[in-house]
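Remarks on the structure that follows.
Order of writing sets the labels: A, B, C and D. Residues in every chain begin at 1.
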Amino acid sequence: MPYKKTMPSENVLAVILMGVFAALLGILLLGVSAFLGRVKRNPEKLSVYECGVDPTGSARERFSLKFYLIAIFFLVFDIEIIFLYPWALIFRKNLERGGLILFEMMCFLAILVVGYLYIWKKGGLDWK
Amino acid sequence: MIGLTHYLMLSSILFSLGVLGVLLRRNLLIIFMSIELMLNSVNLAWVSIANFSNRLDGQIFVFFVITVAAAEAAVGLALIISIFRLKPTTHIDELNQLKG
Amino acid sequence: MDFIDFTILAIKIMVVMGALLNAVPILVWVERRGSAFIQDRLGPNRVGPMGLLQPVADVIKFIFKEDPIPCHVHRFLFPIAPLFSLIPASIIFAAIPFGDTLEIWGRTITLQIADIHIGILYVLAVGSLGIYGVLIAGWSSNNKYSILGALRSSSQMISYEIALGASLIGPLLVYGTFSLNEIVHLQAQSWGIFLQPLAFLIFFVSGFAESNRLPFDLPEGEAELVAGFHTEYGSMKFALFFMAEYIHIVTIAALNTTLFWGGWQLIPGMVSLANVLGISTYPHSVGLALLKVAAFTLKTTFFTLIFIWVRWTLPRFRYDQLMMLGWKILIPAAFINIGATAVLLYIGWL
Amino acid sequence: MALEVILFWICSVTSVVAALFVILHRNPILSALALLASLFAVAGLFITLQAPFLAAIQILIYAGAVMVLFIFVIMLLNLQKDPERFAPQGVPVTLRFALGLWVFIGLSIPILWTAFTWAMPPTPGAYSVSHLAELLFDQYLLPFELTSFLLLVAMVGGVVLAKKS
C-alpha cells in the first residue's frame, strides 16, 4: 500500500485542528444556549442543590484516604505499563536473539507482582 | 531556524521560574508543583541536546527522569497528607517544630 | 503541507466530526426505542413518525432551556468543565483508520485523519485526559454530592484505565507496531480477536468503565448521589456532558473494531478469497474503498448497539464490587494475558 | 518547515506563561491546571524535537497520573485560596527574587556564550521508537531493572504513610 508517510508535525496540526473544532463547537453551543435561554435569576434557583434542604456545613469536608491510595497505585502501575510498551514493541523482533528479552521483563514484572501482593494483603485494594 | 540555543534558553527560563516558585511561595503544594516544573525543564534540555547531537541517550534519561519524578510525587504527597493530619496547615512556616 | 493537502485534511475532519455529532442524536433515539423494546413498552412515538424527530426536539429543548450558573460556583471553571471531557473524547478519533486509501484525480488519500506513528500510545494518552472533565466539574460546582460523585467516578475511571492499558499490550506484542494503520493492514489474513481473545474481553469491559456506562455508572446512581458530578449542571452544559459520553462510546467501539475486529478489512482472508473469485482487488478503486468504509461503520455501530443493549439488561454494580472487579480480577487477568502471549510467541505458536 | 517553527513558538510561549501562572496563582487548583497546560506545551516541544514517544509518555504519566494525584490531594485536603501570595515574613521577597534572577543569569550566560557547532545537523526522522526501545533494553538494562525496585519502594511507602490512620 504505497502511501505518503505523514510527518509528525502534520499529525500534530491535524490533532490540534480537530481539538479546536470540538472546542469551538462546544463554545458555540454554550453561547447559543446562553443567548437564547434567558436566565431569570431568583435566589431559590441559584442556591446549592440539596434536594430542597438548606445546605449545612461547608461543601468540602475531608474524605476517606481510600481515594488517595487508589491514585498512588494507579500512578505506580501506569509507570509499569509505560515500561511494557517499548518492550512489547521490540519483543517480536528480538526473539531471534534468544529469550533474554523475555527474561528481563519477567524479572521486572516479578518484583512488581511482589508489590501488588503486598498491597492486596495490607488491604489497600479492598473497599469497606 | 530554531537552533539548540532556543531550546536551552527556554528550558533555563522554565527552570528559573521553578526556582522562583520554590523560593517565593509558602504553600507546600505550590512548592511541590514548581519542583515538577524544574524537572520538566531539565527534561526539555535533555531531549533538545539528544535531538541536536543525533543520539538517543538523552531520550532514555528523560524516560527515567519522568519515572523518578512520578514516584517522588507519589511519596511526597503521601508525606504532605500525613503532615496535614498532624497539623491542618500546608503553610510551610508553621511547620517548624520537630516534635510530633 | 500545501494548500490541497490542507483542504483534504479539513474535509476529512469535517466528515468525521459530522459523523460523530450526527451519531449522538441517533444514539439517543436508538437508546430510547431500544430500552422501550427491551422493557416491552412503546418508547417515543409522538414527535414525527416512530418518534424519529424526538432527538431534534431534545436539541431544541436544550438550546432554549435557561442555563443558570449558580452563584456559589467557580465562575471560570464551571462552564469550561464540559469541554474538558468533550475534547479528549473526540480527539481520539484522529488516529483511527476508517478506510483504506482512496485514489481521486491522481492523488491517493489515506482515509485516516492523522497516521500517527505511535497510534496505540496516543489513544491511551488522550484517553487518560477524560478524567479532568469529571474532576473539574465536581470541584467547581462546590456541592457535597458532586464532589463525592466526582471523586468516585474518577477513581473508578483510574482503576479501569490500568486494565485498559495492560490489555492493549497483548495485541501490541503480536502486531509489533504502534501505528493503527499498519495494525489494520496486518489483519488482512486473521483478525486480532482470534489471536488475543482475552485482551478483547478486558478491553471491552474496561471500555464500559471508562465511559461511565452502566453497569459501571454508580456515581450517577440516581438514588445515592443525585446525579454524581454533574448535579449542578443546567441544560446545555449537561447536554455537552451527555454528548461527550456518547462520542466516547462511539470512539471505544471504533477502537474495538480497529484493534480486534480488523478495522476496515471486509472478512478475514479477504485477499485470498478475492483471488479465487477473480475480483480485481485494485487497491485504489473507489468502489472497494467505500465498501471498506461501510464495513468499518457497520462493525462500529454493532459494538455501539451492544453498549446500549448492555445498559438496559445488566443491573448496576455496588461500589466495592466495582473496585474489586477492577483491581483484583481485570488487572491480574491483563498481566497474565501479557505473560502468556510473550511465552507463546517465544515458543512460536502464536 | 514553517510548521515546526510555528509549533515551537506557540508551545514555548504557552509553557512560559503557564509556568508564570503556576507560581502566581493563589488558588491551588488553578495553578495545578496551569502546570497541566505547561506540561502539554512541553509535550508539543518534544514532538518538534522528534521524540513523539516521549511526548505521549509525558502526557500519559505527567498529565494523566501525577496531576490527577495533585488534584486529588487538593480536593482531599480541601485547600482554599492562600491568604497572600508571597508571605512577607522570613527572607525579604526582593532578596528571594534576586536569587531566582541570579540562577537565570547563571544558566543563560554559558548557553548564549558558546556557539553550538555539531558534527551533523539533526536528520529529521532518523530515529524511530524501536531504536529507543532497543537501546533501552540492551545498553540501559541495569537502570531499567532498578526502576522496578524504585516502584516497589514508592508503592510500599505510599501505603505505609497513607494508612497510618
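Heads up, the rule we're going with is that a contact is a pair of C-beta atoms (placed from the backbone, for glycine too) under 8 Å apart; a residue touches a chain by one contact, two chains touch by 3 or more.
Remember, predicted model here, so these are calculated numbers, not experimental data.
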Minimum number of chain-to-chain touching steps separating subunit B from subunit C:
2
Using C-alpha atoms only, the most centrally placed chain is A
Quick note, more Cb pairs in contact for A-D or A-B? It is A-D
Report the inter-chain centroid distance for subunit A and subunit C in whole angstrom, where each centroid is the mean of the CA atoms.
14
Could you put a whole-Å number on the gap between the CA centroids of subunit A and subunit B?
21
Rounded Å distance, subunit B centre to subunit D centre (Cα mean):
6
Subunit C residues touching 2+ other chains are 1, 116-117, 121, 147, 151, 158, 178
Residues in subunit A with touches to at least two other chains are numbered 8, 10, 13, 60, 63, 65, 67-68, 71-76, 78-79, 82-83, 89-90, 93
Residues of subunit B engaged with two or more neighbouring chains:
67, 70-71, 73-74, 77-78, 81
On the basis of the stated criterion, which chains touch which? Give every pair.
A-B, A-C, A-D, B-D, C-D
Looking at the complex, which residues from subunit A come into contact with subunit D?
7-10, 12-13, 58, 60-63, 65, 67-69, 71-76, 78-80, 82-83, 86-87, 89-90, 93-94, 101, 104, 107-108, 111-112, 114-115, 118-119, 122-124
Counting only contacts in the complex, subunit B reaches subunit D at residues 1-10, 12-21, 23-27, 29-30, 32-34, 36-37, 40-41, 43-44, 47-48, 50-54, 56-57, 59-60, 62-64, 66-71, 73-75, 77-82, 84-85, 90-91, 93
Subunit B partner, complex, touching residues on subunit D are 4-5, 8, 12, 15-16, 19-20, 22-23, 28, 31-32, 35, 38-39, 42, 45-46, 48-51, 53-54, 57-58, 61-62, 65-66, 69-70, 73-74, 76-77, 79, 82, 85-87, 89-90, 93, 96-97, 99-101, 103-104, 107-108, 111-112, 116, 118, 120, 122-123, 126-127, 131-132, 135-136, 140, 143, 147, 150-151, 153-154, 157-158, 161-162, 164
Note: in the complex, subunit C contacts subunit D through residues 1, 77, 116-118, 121-122, 124-126, 128-129, 131-132, 135-136, 138-139, 147, 150-151, 154, 158, 178
Listed in rising order, subunit A residues that touch subunit B in their complex are 65, 68, 72, 75-76, 78-79, 82-83
